[in-house]
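Letters are used for the chains, namely A, B, C and D, taken in the order the chains are written, and counting of residues starts over at 1 for each.
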Amino acid sequence: MTAVLETIGLERRFGGLIATSNVALRLERGARHALIGPNGAGKTTLVNLLTGVLAPSAGRILLDGVDITTLRQDRRVRRGLVRTFQINQLFGDFTPLTTVGLAVSRRLGLDTQVWRRLGSRKAVVDGCVEVLERFGLLDVMNTKVATLPYGRQRLLEIATAIACGPRVLLLDEPAAGVPEAEREGILAGVAALPADVTVLLIEHDMDLVFRFAQRISVLVNGAILTEGTPSEIAADHRVRAVYLGSDHG
Amino acid sequence: MRAAAQAALADLGRWRWPEVAFWVAAWGSWLLLPEQHLLLNEVAILGLFALSLDLVLGFAGIISLGHAAFFGCGAYVAGILARLGWGDPVLGLLAAGLVAMGLGFVTSFLVLRGSDLTRLMVTLSVSLVLFEVANRMAWLTGGADGLQGMVVGPVLGWFAFDIFGSVAYAYSLVVLFGLFLVARRVMHSPFGLSVRAVKGNALRTAAIGIPVNGRLVAIYTMAAGYAGVAGGLLAQTTQFVSLDVIAFHRSADVMLTLVLGGVGYLYGGLIGALVFKWAQSWLSDLTPEYWQFWIGLVFVALVVIGRERVFGWPAAVLRRIAR
Amino acid sequence: MLTILFDGIAYGMILFVLAVGLSVTLGLMNVVNLAHGAFAMAGGYVGVVLVNRLGVPYLAALPLAAVAAALIGVVLERTLYVHVYGKSHLDQVLFTIGLVFMASSAVSWALGSQQVFIELPGFLRQRFEVFGVSMGAYRLLVIGVCGALAVGLQVLLSRTRFGSRLRAAVDDPVVARGLGIEVGRIFLLTFALGSGLAGLGGALGAEILGLDPNFPLKFMVYFLIVVTVGGASSIFGPFLAALLLGVADVAGKYYLPAAGAFVIYSVMLVVLILRPQGLFAPRSGR
Amino acid sequence: MIRRSFMAALLAVPFVASAQAQQTVKIGLIVPMTGQSQSTGKQIDAAVRLYLQQHGDTVAGKKIEVVLRDDGGVADTTKRVAQELIVRDKVSVLAGFGLTPLAMATAPLAAQAKVPMVVMAAATSIITAQNPFIVRTSQVLPQPAAAMAQWAVENGIKSAVTLVTDYGPGIDAETWFAKRMKEGGAEVLASLRMPLASPDFAPFLQRAADAKPQAMFVFVPSGQGAAVARQFAERGLDKSGIRLIATGDVTDDDQLNGMGDVMLGVVNAGHYSAAHDSAVNKAFVGAFKAANPGMRPNFMAVAGYDGMHAIYQALVKTKGDTDGAALVEAMKGLSWESPRGPMMIDPQTRDVVHNLYIRKVERVDSELYNVEFATIPMMKDPAKP
């Protein structure tokens, strides 16, 4: 099996501060991989490096063996590297339908069409319905996003990413701030992802991580401390030591 | 559900009766208000100009206080062509739009970054620099005295501009309507949606694979073309171009016009132009010295009381009647 | 040529005092107050009435002009501006331009539309030769007053309780309220300060700039240049920007009279492209 | 061609019916009442109202109605307002025109509609050549410029620097001052042009002073003169042996009082002074001040006043006929005693012919005035053959 997403010696400095230090990650096709670490370990910085929001100070990023280190954000998405945000990034004026519709149009390469209406292609409509249905958003598809309850917005955040047709999906704390009752919907949506989609879950919530992940990497002070199966990680005394000081001790 | 989704998507670009009524009224005004053709011609031109600003400000979220750069560019192109003997209005307008688009494309790269204030000042500086250029190149533009000697031919070789402004208004209205239809169509396309998305959240837009800067460049260029055509219309229908077309007050006026009518729904500029020009003309007939005071009062009241509450009550009344 | 430099500094200083209030309202209170020039005009006309009609001594009229403009600021802040703090920038533009239109018309109605000046006392019309540089007493006064104001403002904002409270109120009004800071009052005082400075600038600068009903619109662009080039979050930035603008404008006109205002606008464009946050803004974190 | 005129006729049909049978003669007065040049508009408007008040609103059996419109000094507005006045208000005469571009924008329209255009402010020489319906009662910039140069040469000024605002009238002034100086054997050391919107004049004045001329010749539009003159004095140039000479625009009567004592002694050339010593002028100034407290008539006001006089006299000559060509024909060669002194409408060029006075700013009865001390009688526009 070849790696779908791979980083080699990835490094990012802010002035004298090293936020990401020599990170080597390797995700196989269809992997369910989790990245954990205490607050301030540099998880979000790493996601920003992977998605092209930030440029690395050193190192390389490979997607399907192709170097994408200098590729623009949107180009990476077109190659199938899609993310969600820890804090919802949505279009408040849109409806879930138009939000997903735009993402589906982009996936189908129709986003530069200036003359045809958004809904004039059957494929777009079908794509929208499919994604909205999977996340249970059909009943609110014509509601203004800004007025949706938070849990629904969180679902839309993920649904939008799915609508982009990811081959590698970076989920940045998908359950953050979601009330217990609405959490199941999110987990179900994530679990229902096609098996060939590679998922990197960045998460705080250990329950979620251990239910979901096949492999786990632990990030501490910007560097990978260790990597292994959930049981290996659970048994690792260094990981315990790191988390002892924090809320999961 | 699939049908419902399709219907909802199809509904996005559907003509609604107030829109139809608006355009019926616009065309009706040509027949019914012959005495107002000159003013209405200015309304149509300002409306097109404000529509152009709406594409940039209302849809893409780029605040511009220098939009007159493109308006003036178009006006000078149309004017200079007419002076050099290329007096065909349609070709002149086309040239005005294209040159303004070129200018828009080149300068669009300056407004990709920065806060509202920075963009405001960058666009303003561009227009001020162009103002100075037009002023310096007096051999071409006529400088501060204005461009003289334009000879504008009849529209399509048939309709000569008359002193009543009837041909002028019809011509401007046709151009406005045509370009409005294009803008409407484009703004309801996936491309248009992606431009709105950039304004809504640039971070997310990039995260679904849409090149943010590319979209901004594209819409800015298109809007510049619209402004250029508006400028060309003004030059052709008044058969005169002066530095006013590119002056700061022109940029400020169009911004006020658009904000008055409301941004981001295509009609704001048109309604704003109608209200602004009509109020200005009416008040300045009543009190040529102090009309600005009353216009100012309207602006202040509109914001302090709230636009929704001022414009909202006719809509509310209509709703009640309909019920 | 040092005389040109001297003139440019005086001109820049005037621009600073006129624009610094805008920098405060824009940078600290996030209100696009395009009517700022109207407060300067108000101060200027108060000076005209006091000195030319009522015979008040020039130096006494300056603080009175500032106080008058500040009072107008207070009244307008309480009655009108409070309603637009939460509105969009575009609404604020519409609102403040409306105020400018009203102010211009009102002045034209009450005091006529011809350009007026404040009569300078004799001692300010003298000239000195210092080390071969020819300097006017009036411009020396301008430099002195404005320089002192710049220092005073910097101290006020960085060293006093008022300054720290203002910064707290701007950073997070909710938290500031929780800490017992009266945000409304802080904003009111800040607004009054900004208007008062504009009023002083209007009275002090009338000799160079002239006063007419069109004043707020005529100088709006200059104020905006000072604020954007200087960065709208400190005193020092706009101060340097104003000096730079003043000297560049005067020197540009002297050495390249044919280029006119071209130099200024081009320089500003380049600055804004290279440093979108302003020339003297601290580099952003990260 | 046939089909075009057919279309035009078709479009024109609805408007023709009401154009007949007027007992009222409407005069469309278009001036800037707002914006940068608003003082020009206010002076002209006040003078026009004064004329109506003094001479009644009836002439040659017709009732005169003046329709005042503001154009804010913006050319396309001027043109549109003029067009509306012609089409909707059916005015017989257009008047006003505060700035050169405003007059230029309207000129083709007036020719097309055959409506006389009485220019009461704009002062670039070329305006009256734009069409045969333009008559001017203000001034032509080459007049004061040439007069000033003539006086300078005669009074031993051998070198000068010109300092003018960079637009049509300014360039006219620069050209004709320099021309007459050279003809008189004097030298123009430098010709500086200032942008129309120029808040600080100091650098231009400094540069002019550094050329060390005997005199500095200044033209700026009405309204900006005070700033230049004050800064001239503030720089100590008045004491450095450089004479400030100017066109009358700089020592505008409207503002002169507010400029202060620094203006005392400035020599300038102009066609009108509120202190002109004649019975006609005394009556005019007195009535003007009475009707407009706080204002003093300047050269803009007198141009408005004379413009109305030309229109009235033309109507008398045509016996109330408002045909444009007839009115213009009647205005040609008109001459009368204006508050400025004798004046005439040149029958060939339709431009103003009047005395040019060399004046000096002096204090008279606690007010500053331009006091005339030399006269160049009945000067035509030197720029026209």
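Throughout what follows, contacts are C-beta pairs under 8 Å (C-beta built on N, C-alpha and C of every residue); 3 or more make two chains touch, one makes a residue touch a chain.
This one's a predicted model, so the numbers in the text were calculated from it and none came from an experiment.
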Counting one step for each move to a touching chain, how far apart are chain A and chain D?
2
Give, as an integer number of Å, the spacing between the C-alpha centres of chain B and chain A.
41
I'd like the Å distance between the centres of chain B and chain D, where a centre is the mean of that chain's Cα atoms.
36
In whole angstrom, the CA-centroid distance of chain A from chain C equals 49
Among all residues of chain C, which ones touch two or more of the remaining chains?
104-105, 108, 260-261
When you check chain D against every other chain, which residues touch at least two of them?
34-35, 38, 42, 166, 195
A full list of chain pairs that touch reads A-B, B-C, B-D, C-D
Quick one: which bits of chain B touch chain C in the complex? Just the residue numbers, please.
57, 63, 110, 113-118, 120-122, 124-126, 128-129, 132-133, 135-136, 248-249, 252, 255-256, 259-260, 263, 289-293, 295-300, 302-304, 307
What residues of chain C sit close enough to touch chain B in their complex?
26, 32, 80, 83-84, 87, 89-95, 97-106, 108-109, 217, 221, 224-225, 227-228, 232, 260-262, 265-266, 268-269, 272-273, 276-277
Taking the touch rule as given, give the residues of chain B at its contact with chain D in the complex, in rising order.
34-35, 38-39, 41-42, 135, 143-146, 148, 154, 158-160, 162-167, 234, 238-240, 242-245, 249, 284-285, 288-289, 291-292
Contact residues on chain B for chain A in the complex?
1-2, 4-6, 8-10, 12-13, 185-186, 188-194, 196-197, 200-201, 203-204, 206-212
Residue positions on chain D within touch of chain B in the complex are 3-4, 7-8, 11-12, 14-15, 33-35, 38, 41-42, 45, 68-70, 74-76, 79-80, 83-84, 86-88, 100-101, 104-105, 108-109, 112-113, 124, 130, 166-168, 195-196
